[in-house]
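There are two complexes below, and they share chain A, which is joined by chain B in the first and by chain C in the second.
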Partner chain A sequence: MKKIYYIFYKDFSSELRMRFAINALIMFVIVAVSTILFSLGSENAPQNVYAGMFWVVVFFSAMSGLSRTFVSEEERGTSLILSLIANPISIFLGKFLFNLVLIFFINSIITMLYMFLFQEFLIKNWMSFLLAFLLGNFGIAASSTIIAAIISKANVKGTLYPVLAFPVLLPLILMLIEITKSAMEGNPINDVEAEFLVLVSYDVIMITASILVFDIIWRD
Partner chain B sequence: MKARYFIGGIIIVLFLGLLFYNFTRTNIEYESDFSKVMQSGKVCKATGVWVKEKSFEEDIKNRTFVFYLRDAKNNQMKVIYRGTKPNNFEIATNVVVTGKFEDGVFHATDVLTKCPSKYEGQNINTSGS
Partner chain C sequence: MNKIDLIVTNLKKTFNRRLVFDGLNFEIKSGEKLIITGKNGSGKSTLMKILAGVLTESAGFFQYILNDKKVDRENIYQIVGLVSPYLVLYDEFTAFENLKLFARIRNIKMSDEEINQILKKVGLFDRRNDLVRTYSSGMKQRIKYASAILHNPLVLLLDEPTSNLDLDGKNFVDELVEDFRSDGIVLVATNESQDFKYGQNIINLDNFHNIQVK
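Let's look at the complex of A and B:
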C-alpha cells in the first residue's frame, strides 16, 4: 500500500518538474477544441454531435498523454531499478493512480471549455453525466495504463498506442456517448441503466485483467 | 499464485457475461397505446393501423412522407417520416414506426410495414376456377 503511494508520488513530482504530459495534453485540448469552434462558426450543430465530439477529444487526449507513463521509464532507463524496488502489482496500481489523476484533471478542463465555449453543450441531468464521467475516466485510465505497459517494450511506441487502444476503448466510448446524449436531453438515470452496467463491468474487467497479466508483461 | 488466476478468471467471465447481456439490450420499447406515446416523449416503436380515410401526402422535393396512424383505442396521431413511402404501404395491415413524439406530431426515423400473409384468408370456393 505504501509502495503504491510512493510510485504515484514519484511520478507526480517528476511530472511537476518536467511537465511533459501535462503540456502536451493541454496543447492538444486547446488545438482540438478551437478547431471545432472555428469550423462550426456561429452554426448550431445538433446536441448529439456535441456529445460525440466531447468524447472524441477526451479519447485522443488520453491517447497523446497517458502513453508516456511506462515509455518514460524505458527512455530514462529506470525500469530495471523500478522492478527491483517494488512488486509488479504496486507498480501497476501506482501508475494507474497517476493516470487517473491526470485524466481527471484534463477531462475537467475539457468539460469546462465545452461548457464555456459551446452554448449547445448543456447538460440537464448532472447526476447521470458525472457518474458517467467518473466511470469513464476510471475505465480509460485502466486500459491506457496496461496498453502503455505493453507498448513500452516495442520499438515503434507512438503509432502502436492508438492502434491497440482503439478496439479496447471503443465499447467504453460508445456507451459514454450514449449516456451523455441522454444526460443532455435531461432523461432520468433509469433510461441508461443498461449502459451504466456495461461501464461498471468494463471497469472491473479491465482492472482484474490488468492486475493478472501485468507481471508477465513487466518481467518480459 | 494459481488461486489468484482462478479468482481473476471467474471475475472476468462473470462481468463479461454481464457486459454482453447489457450491450445487446435495447432501450426502445414497443408501444401500442398512442396516449402513452404522446405523453412520454421518449424514443419508442409505436404500432398502429394506417388511417385510409385521411390518405397520405408525399413531398418528393423535401423527401417527407406524412400519414395518420390509429391504435386499437381509436387514438389518432400524425406521423412525419423523412424518406420515401415504403413499398406495400397501401396493403399493410399494421405499421410500426420508430421515433419520438414532439410538438403534436410523431417524427419517425423508421417505418416498417406488416403485409398480409398470402397463406390466410383465401376463400376456398373461388380457388376452384
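Let's look at the complex of A and C:
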C-alpha cells in the first residue's frame, strides 16, 4: 500500500510542479461548458439532454487529461526508472489512484459549473446521483488508466486515445446518463437498480482485467 | 552473506522481424564480474534491460537464484541496480528528492543522512538541492549511480559505465566496481577497452549477432 501511495505522491508532486494534466483539463472544462451555455442561449432543453451533455463533457475531459499519467513518463523517458523501482501492480495502482483523484476533482468542478450555470440541471435524487458519480469516476479512472498505458507505447498517442477509449467507455457513459436522468426526475434508486449493477460489474471487470494485463503492456 | 546466481539459457530477442541475439547461454555466480561487449546494435543494452526485468525476452529464459530460491520476475527490481545512458530521472525534482522518493517507493527506511551519504559518495552533495534538469550530463550520470546503489543491490548492471564522466567520475566507478559487495554480481556492457578491467570474463554478442529473419 505504501508503494502505491508514494507512486501517487510522486505523480501528484510532479503535477503540482509541471501541470501536465490539470491546466489542460480545467481549460477544456471551461471551454466545453461555455460552448454549451452559449449554444443553448435562453432556450430550455429537455432534462435528459442536460444529463447527456454532463457526461459528454466528463468523457471528453477524461480524454484530454487522464492519458498524461503514462504518456508523460514515456515521452520524458522516465518509465524505465519507474520500472526499476517498483513492481508493475504498484505502478498501475499508483497511477490509477492519481487518475481517480484527478477525475473526482475535475468532475466536481463540472458538476458545480452545471448546477450554477444551468437552472434545468436540477438533481432531485442526490443519493442516486452521488452513487453514480462515485462508481462512474471509478470506472472512468480504471479504463482511462489502462488505455493510457497501452497508448503510451504507441507512436500516435494523441489520436489513439479517444479511438480506443470510446468503445470501452461507451457502456459506462450510457448507464451514467440513464441514472443521472432518473436522478433529475426524482425517481427512487430502485428504478435504476439494473444500471447500478452494470456499473459495479463494469468497475470490477475493468480493475481486475487491468491488473492482469498491465504487466504485459508495461514490459514491452 | 547471500548467494546469488544468474543463469541465462538460450536467450533470444527479436524486435519485429529483426533478430538481435539468439542462443545466448551463460552463468554467473556471487562475486563474479562479467563484461558484455559487441558492435553497436549487437544487443548489449537490450540484454541489460532484459536482465533488469524491464523488457521481455522473445525466447529462452533467464533466472536469478537467490540463496537457492528463484527470484520472481516481478521482484527482480529489488535485487538489481541499473546504470545506463537511456535511464532518465525525474528532472522536475532535486537529486535529494529523487533519491528520497525512490527509497519510499522501494519501501526502504532511509534517513536524510543516509541519502546525503550516497550523494556525497557520487559527488553530488553540494548540488543536492538543485533540480536535476539543471545538471550537466556527467552529473546526471552520477545521480543514476546514486539511484542504482540506493537499495544496496546484489546485481549491478552497468551499461556504458563511464560515459559522460570526468576523471573523478571514472575513479568513482573503478572504486564502486572494485569494492562492490563480495556476494554480488556485476555485469558491464561496454565497447571501451579501458572498461574491460571491470570483469574477469568477456562475452562478445557479435557471436550471437544480427541475422535478418526471413
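Just so it is clear, the second predicted complex is superposed on the first by the 220 of 220 C-alpha atoms of A that agree within 3 Å, B and C clash if a C-alpha of one lies under 4 Å from a C-alpha of the other, contacts with A are read in each partner's own complex, and residues count from 1 in each chain.
Following the convention adopted for this analysis, a residue touches a chain if its C-beta (ideal position, glycine included) is under 8 Å from a C-beta of that chain, and two chains touch if they have at least 3 such contacts.
Since the structure is predicted, the reported quantities are computational estimates derived from the model, not experimental observations.
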Is A:T35 in contact with chain B, with chain C, with both, or with neither (first, second, both, neither)?
neither
Using the touch definition from the top, say if A:S201 reaches chain B (first), chain C (second), both or neither.
first
Chain B versus chain C as contact partner of A:S108, first or second or both or neither:
neither
Identify the partner contact of A:R219: answer first if only chain B is touched, second if only chain C is, both if each is, neither if none is.
second
On the A-aligned overlay, A:T159 touches which partner chain: chain B = first, chain C = second, or both, or neither?
neither
Pick one for A:S13: touches chain B only (first), chain C only (second), both, or neither.
second
Please determine whether it is chain B or chain C that touches the greater number of chain A residues.
C
Using the touch definition from the top, say if A:P171 reaches chain B (first), chain C (second), both or neither.
first
Considering only the touch criterion stated at the top, classify A:S83 as touching first (chain B), second (chain C), both, or neither.
second
Overlap of the chain B and chain C footprints on chain A, residue-wise?
none
Going by the contact rule set out above, which residues of chain C touch chain A in the complex?
49, 52-56, 74-75, 77, 80-82, 86-93, 101-102, 104-107, 147
For chain A, which residues are in contact with chain C within the complex?
2-3, 6-7, 9-10, 13-14, 17-18, 76-78, 80-81, 83-90, 215, 219-220
For the complex, which residues does chain B have touching chain A?
4-5, 8-9, 11-12, 15-16, 18-19, 22-23, 25, 27, 42
Please name which positions on chain A make contact with chain B in the complex.
171, 187, 191-192, 194-195, 197-198, 201-202, 204-205, 208-209, 211-212
